[in-house]
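Next come the structures, one after another.
The following pair of complexes shares a single chain, chain A, combined with chain B in the former and chain C in the latter.
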Partner chain A sequence: MEALLAVIILLMIAGSIYTLHARDLLSAVIAYGITGFGLVICFLLLKAPDLAIAQIVVEIITLIIMIAVIRISTREDLTEGATIKVEGVRYVNLRSAVYFVTGLLFVVGFLYFFVKSTLNLDPFGVHSARMAQVYLEQGVELTGSANLVAGVLFDFRAYDTLGEATILITAVVGILTVLRLKGRK
Partner chain B sequence: MILYFLCFVLFLVGLYGVITRRNVIKIVLGICIMEYSINLLLILIGYVHDGVAPIIVKGSAETNFVDPLPQAMVLTVIVIGLATTAMLLAIAIRVYRKHGTFDIREIKNLKG
Partner chain C sequence: MTGMTNIVKTVTRIIGGVVFLFGLYIVTHGHLSPGGGFAGGTIIAGAFILLVLAYGDNIMHLRRIKEESSALENIAIFCILIMAAVGFLLGTKVFFNNFLPIGTAGQLISAGIIPLFNILIGIEVAAALFTIFLAFVIFKEEEK
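Let's look at the complex of A and B:
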């Protein structure tokens, strides 16, 4: 189980690295599908069928929107593989060294906080449902929903769902505003 | 622990994309990858060994459910992620119409 999940996550990492380096934007978007659908398989293995359904729908809608955006704009990523104007080898070497050291510092700092925070977590598979204990024991009597995820989403945490709907409405209004504006020439 | 670490690596890949890529579409994809890694980490934390999906079937005495709370919250996050991605792409297409390129080095005049 753990090894299978590790293999799938490694595949997702490989797909996302290809996504970020592809020269063709259409193939970048298709490779991004590896990450999304790998996540769907992970959700199914982790016993979260509701999430898998939602993720697969969202993934396909995102794919369609992105392909539409690429259709009406450009397909080739001109920034990829372009050579930078070299202004003296020493200067470029110094600059890339500075970039490398800064990136390494960032990664080490992130790693430090990651290790510090995951040591406080339960190890994989031995989770104790502290807050959800009530939901698991009395969810059916209190909400009448056999699916506990739906019960939590629409009854115990209904205000969160209301906020989510508000965000969706705001995003739709924002998209309409941005796309309908006549640009200044 | 190794799975948490792999999630962290996936997050770093997305962050790397956001910081180093110069194409607006690639930056949007990097943000989406970061979001995916966070979703996966939350669900990994809520998993129980040999657990079943939190759906109660009449007559079965199964009690070893996985945690339903992270699943409900991540369901919210997935839908909000779709909204943010669509918003970012709408802004990207506006920028493309104004400047004729996705390259963030070419998009310099932020005024007006």
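Let's look at the complex of A and C:
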């Protein structure tokens, strides 16, 4: 099974590399589908049907929504160079400079917190997930839910689920706000 | 927004209801089998998106159903909060307390508030994704 997983993951990597470099955005979105559906097969092979169902339906819906976005915007990739030439003089493109600096700051901050948090972890191979053991052994009796994933998501960790639902609300509010600017003009 | 060809319309007429029912099944059996509110809600949203894409609609009606679905989404998440608060007020002081009787595991009506949460999350996710799709469609229509 590891060999099969490795083949699928290589295919996913190829799909994502093509997605980054494709000139036509529509073919980029289709190639991005390779990554998503490969992940679905990986989840099924690793015996996680809950995740597989969620992944496959979300993949299809995001494909539709991204094609809708491409229809209302543009099909070609409009990347800017690092420098702009105005009247024979080369200037640094301010936007790409801002991208670069922000990315660098995020990488440094992420590395800092990563090192800081890994210092407090257990040594490799030893884990002390006491709550997980309780969930596995008594989850069905405590929640009454035959599907343990639903029991954890909606009973033990219901607060997390509320946060996930709030993320969707925030996304909808953001999209409606951005798309309304044109209507008000 | 114009619809698609007769082939797509006929296939949608046959398949649309089945897709919607499958979404309902995934949502209501979330505590028994794999799936749950998020996956089932997305399938229900997919059924509605299929109908809009295949048959098309005029923009005034699309605007109205966008308002309705965005209202439905907010009502669903408000109900989730109310149920969490009810769980807080009854019994032990825990947010999202499972205050209904648990019943026997494996039956359709069991697990206290988990099926209700699944249904509400399903409504919320379906309405949210459908609203996002309709927002893009209406934007495209207004551009013309």
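As a working rule, the second predicted complex is superposed on the first by the 127 of 185 C-alpha atoms of A that agree within 3 Å, B and C clash if a C-alpha of one lies under 4 Å from a C-alpha of the other, contacts with A are read in each partner's own complex, and residues count from 1 in each chain.
Criterion: a residue touches a chain if its C-beta (ideal position, glycine included) is under 8 Å from a C-beta of that chain, and two chains touch if they have at least 3 such contacts.
Small disclaimer: the values here were computed from a predicted structure and weren't measured.
Shared-chain residue A:Lys47: touches chain B; no touch with chain C.
Contacts of A:Leu168 after superposition: both chain B and chain C are touched. Judged by the touch definition given at the top, the superposed model places A:Ile13 against chain B, while chain C stays out of reach. Comparing chain C and chain B on the residues of chain A they touch gives the larger count to B. Once the two complexes are overlaid on the shared chain, A:Asn147 sits against chain B and chain C alike.
After overlaying the two complexes on the shared chain, residue contacts for A:Arg71 are found with chain C alone; chain B is out of touch. Using the contact criterion defined above for the overlaid structures, shared-chain residue A:Met131 touches chain B, although it does not reach chain C. Residues 49-50, 54, 58, 61, 65, 69, 72, 140, 146-147, 149, 151, 153, 161, 164, 168, 171-172, 175, 179, 183 of chain A lie at the contact with chain B in one complex and at the contact with chain C in the other.
Of all the residues in chain A, the ones that touch chain B in their complex are 2, 5-6, 9-10, 12-13, 16-17, 19-20, 25, 28-29, 32, 35-36, 39, 42-43, 46-51, 54-55, 58, 61-62, 65-66, 69-70, 72-74, 77-80, 107, 110-111, 114, 118, 121-127, 129, 131-132, 135-136, 139-140, 146-149, 151-153, 157, 160-161, 164, 167-168, 170-172, 174-175, 178-179, 181, 183-184. By the touch criterion stated above, chain A contacts chain C in their complex at residues 49-50, 52-54, 57-58, 60-61, 64-65, 68-69, 71-72, 140-141, 143-147, 149-151, 153-155, 158-159, 161-162, 164-166, 168-169, 171-172, 175-176, 179, 182-183. Touching chain A in their complex are the following residues of chain C: 26, 30-39, 42-43, 45-46, 49, 53, 70, 73-74, 77, 80-81, 84, 95-96, 98, 102-106, 110-114, 117-118, 121, 124-125, 128-129, 131-133, 135-140, 142-143.
Residue ranges on chain B touching chain A, taken from their complex, read 1-10, 12-14, 16-17, 21-23, 25-26, 29-30, 32-33, 36, 39-40, 43-49, 51-58, 63, 65-69, 71-76, 78-87, 89-94, 96-98, 101-103, 105, 112.
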